[in-house]
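Common to both upcoming complexes is chain A, partnered first by chain B, then by chain C.
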Partner chain A sequence: MSIESNKQELTELIYQLADDDFIHAHRGSEWLGLAPHIEEDVAFSSINQDTMGHATMYYRILSELGEGKADDLSHLRKKEQFRNAIILEEKNGTGEYLDSPNYDWAFTVIRHLFYDVAKKIRLESLKQSSYEPLADAARKMLTEQYYHLLHWKIWFKQLMTSTEEARDRMETAIKRVWKDFGGVLTLGPHAEKMVSAGLIEDEAALRERFIDQIQELFNEVNYSIDNEPLMIRGDGRNGEHTEDLEHALKTLSEVYVSDPQATGW
Partner chain B sequence: MTSTQDQDSSDVLKAQVHHVLQEVKDPELPSISIVELGMLESISIDGYDVTINLLPTFSGCPALDLIEKDVRKAISDIENIGKTTISFIFNPPWTTDRISPEGREKLKEYGVSPPPAHHIEGEPWKIDCPYCGSTYVTMENIFGPTACRSILYCKSCKNPFEAMKPVATLN
Partner chain C sequence: MLDHLTFDQLSEEQKYDHFMDRINRDEKIEADDWMPDDYRIALIRLISMHGISEIMGALPEKEWVPKAPTLHRKLAIMAKVQDEMGHGQLLLRVAEDLMKPLGKNRDNIMSDLFTKRLKFHNVFHMASPTWGDAAIIAWLVDGAAIMSQTMMLDTSYGPYGRALKRICQEESFHAKHGESLVLSLAEGTDRQKQMLQDALNRWWDALLMFFGPKSKQETGHTNVDKNIKYKLRTKTNEQLRQEFFTKYIPKIELIGLKVPDKTVRFDEESNTWHYQDPDWNEFKQIVSGNGPKSDDRIRLRQSSYENTEWVREALGHVKTAVV
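Let's turn to the complex of A and B:
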């Protein structure tokens, strides 16, 4: 692969990977102090920290490709420039972090489980990427991804086999996430060129692996779903987003925008 | 200078750099140096300039910036040192097998059990209590106070303790 002739598909792919992790880690971090119990608070914070670290690795690669400063990429881009899937930007529930956060734990468990299954499949594929920095980053992330996935599988199995109320809430969450999870599984408008440049395997193969692995998890708890994951609210890979992303970006960049000198990182 | 002399002086400088790096501690595990942790991948010398490649343990580790600062400071104390470049690289990825035998002993002194040697991802691992050596322990939380550690409890000496999470890479 030559970087010059494949620059657009290369950067588009890395923006997808970076923005998915970035917004997903942010939504996770909004559970700080609110998670169901203290041990979960510790574990979830670690996971979010790792995931934000992964986003940082991708932004740094983009920076090396001449896209600008990593901090500017995460904090100063407009909503339409983000390439994350819409399901990942959705708020954790109603209310605000600091004002009546009525967050939905079942939704969080399902969204994180599905995302981490999909992310592991994607990273396994990226290990063979024709762009070496991406392959190196994927190998590093996979060592951590193992623990994240393990964590959400435990929550999933326990809540799916717990009380009737827990099962109901989990099934509602599955149906809700499923309707938009296709947005995570797509590679967007530049998919074909990404694949022909050897950056990642094709969407259909990755998608099939995802469905197989989710089906296996469903089988363990005696659940099944008929249809395929959909993308009803639009394609984030194409810059389509909701108000929730706008709101999240405003919160995330508040300090950076008001006084870049104040950010000691 | 002949090239042999060049070679000699860069070997001396390299040894000096290696020596000072052994004094740079992990800010979150103050008894153990970054060399013992296996974070040092390479030192290369070009004249008086030095390039150091380090491997991050966990990618979201907030201590990386601090470590870089500490490394820079330690190197700057070397006489006649030129430009210092410090990079965090991901190839090869850091694994817990890179922790040296001294590092493993020092972890125990700090109350942290070292990870099992030659761990294979996905397989169960055995952790001994760093205080009394008992194997009669329970996992309280696979995620601990930092990304690289887990929290356990020893049922023999009734002490809570921490352990380094095993990190292995399969190809």
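Let's turn to the complex of A and C:
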């Protein structure tokens, strides 16, 4: 692979990885102080910090590729320039993080579990990436990823096998996340070139691994689902997004854009 | 030292004397040791208030987690708020052990918070409307908290002392984080400087109040005397406030900020700072749960607690199923 001739697919891929982690960490951190119990609050926050740290690593790689300052990339781009999957930008529930948040823990557990399964598969593939900085970053992230995944697997199992109410809520959440989770599994319009440049394995292989691993988790709790994960609200890799992202980006950049003369914060 | 058998045969009064001897010899009391109810209740009040303050303290800062201006600041403030929740967890566990003989648990702590029976520090009832507030909180509120927590490191109750030791270690990072936030704004544009000064003006009275009233006169009652008798603490409110002035007033001025009290001055003769007292009636109102943000924050904590009731119920079910 040469950076010159593969620049577009390379940066497109890293934007996907960076934006997925960035918005996912943001949604997770909105739970800060509001998790089901204090111990979870502390554990969840570690995960969110790791994930935000991963996003930062990716933005720095982009920066080294000449895309601009990492803080500008994360705080100044427009909604249409973001490449994250739509399911990751969705709000945790109704209300705002400071004003009557009616957050759904079942939705959070499922979205995080599915994302961390997919992310681990993606990172394992990236370890062999032809772009060494990416392979290197993936190796660093994988150790942390192991614990994140374990965390959500435990939640999943516990809530799927406890009370009837918990099971109902979890099943509803699975169906809800499934409808859009295809957005995480796609590599978007530049997929073919990413694969032929050896940046990552092809979408179909990654997707198959994902389905297998989820199937296994479902089996353990006597659950099954017929269809494949869909992407009904559009392809975030293509810049298609919802109001939820617009709103989140406004919050995330509120201070950063508040003083255009500022050179440091 | 008396062995267990003989100790049990002592009268309540003798037990109390024995206990006070231990206190006076600076021995540490442990969770399973005999202690007078008075001591236990003083500890529960002190530690559950401290613990719940850490947790309520996460809320005004949480507001700034997503809004933190850069990736670096986002990560730093997330880590700090997480530490505060961790402090709350550590302290509530200490309080829970003390409450066990009284048949109470964490649910009681939470419901006491919701009904405003359990108070939390005045500073966490205040609004934090700008990023400047996040900076002032991390620098000065944490700075003030470090002083009162360091003072209690040597507390007579062993488990509390050990929790405080860990907390103080983490707090020193918070102070650095706070200082770094403040310096960036102080060295920044006029707008950034103004934002910082405005935040300091907003927080000054609350910071003075944080240490509590000088004596009973200001609010009618104080637990300081009892806490000193039991060696839960070693300094008075006013001593701590004076230390705070000595440490921070020069720093505040050095970075170009103005202390929003024209009367503040150091009197060489009496070796004390003179200052304008905050309104102690207002203090009383605030800590009783009638501060500017009290209801909002309690509601936020309560609604999130209720929203996740089903989760705790499910976990309870998992636990009993395993047993």
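One rule holds in what follows: the second predicted complex is superposed on the first by the 259 of 265 C-alpha atoms of A that agree within 3 Å, B and C clash if a C-alpha of one lies under 4 Å from a C-alpha of the other, contacts with A are read in each partner's own complex, and residues count from 1 in each chain.
As a convention for this text, a residue touches a chain if its C-beta (ideal position, glycine included) is under 8 Å from a C-beta of that chain, and two chains touch if they have at least 3 such contacts.
Keep in mind it's a predicted model, so treat the numbers as computed, not measured.
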item: Clash or fit (per the criteria above) of chain B with chain C on chain A; value: fit
item: Touching partner for A:Arg237 - first (chain B), second (chain C), both, neither; value: neither
item: First, second, both or neither for A:Val255, with chain B first and chain C second; value: second
item: First, second, both or neither for A:Ala137, with chain B first and chain C second; value: first
item: First (chain B), second (chain C), both or neither touched by A:Tyr146; value: first
item: First, second, both or neither for A:Gly53, with chain B first and chain C second; value: both
item: Angle at chain A between chain B and chain C, C-alpha centres, nearest 10 degrees; value: 60
item: Partner chain in contact with A:Tyr103 - chain B first, chain C second, else both or neither; value: second
item: Chain A: partner with more touched residues, chain B or chain C; value: C
item: First (chain B), second (chain C), both or neither touched by A:Arg111; value: neither
item: Smallest separation of CA atoms, chain C relative to chain B, angstrom; value: 5
item: Contacts on chain A seen with chain B and repeated with chain C across the two complexes; value: 39, 42, 45-46, 49, 52-53, 56, 265
item: For the chain C and chain A complex, residues of the former touching the latter; value: 55, 58-59, 62-75, 78-79, 81-82, 85-86, 88-89, 92, 131, 184-185, 187-189, 191-192, 299-301, 303-304, 307-308, 310-315, 317-318, 321
item: Touch list for chain A against partner chain C, complex; value: 26, 29-30, 32-39, 41-42, 45-46, 48-49, 52-53, 55-56, 59, 70-71, 74-75, 97-98, 100-103, 105, 158-159, 161-163, 165-166, 169, 248, 251-252, 254-256, 258-259, 261-265
item: Chain B-facing residues of chain A, complex; value: 39, 42-47, 49-54, 56-57, 127, 132, 136-137, 139-144, 146-147, 150-151, 265
item: Chain A contact footprint on chain B (complex, rising order); value: 56, 58-62, 65, 89-91, 93-95, 121-122, 140-147, 151, 165, 167-169, 171
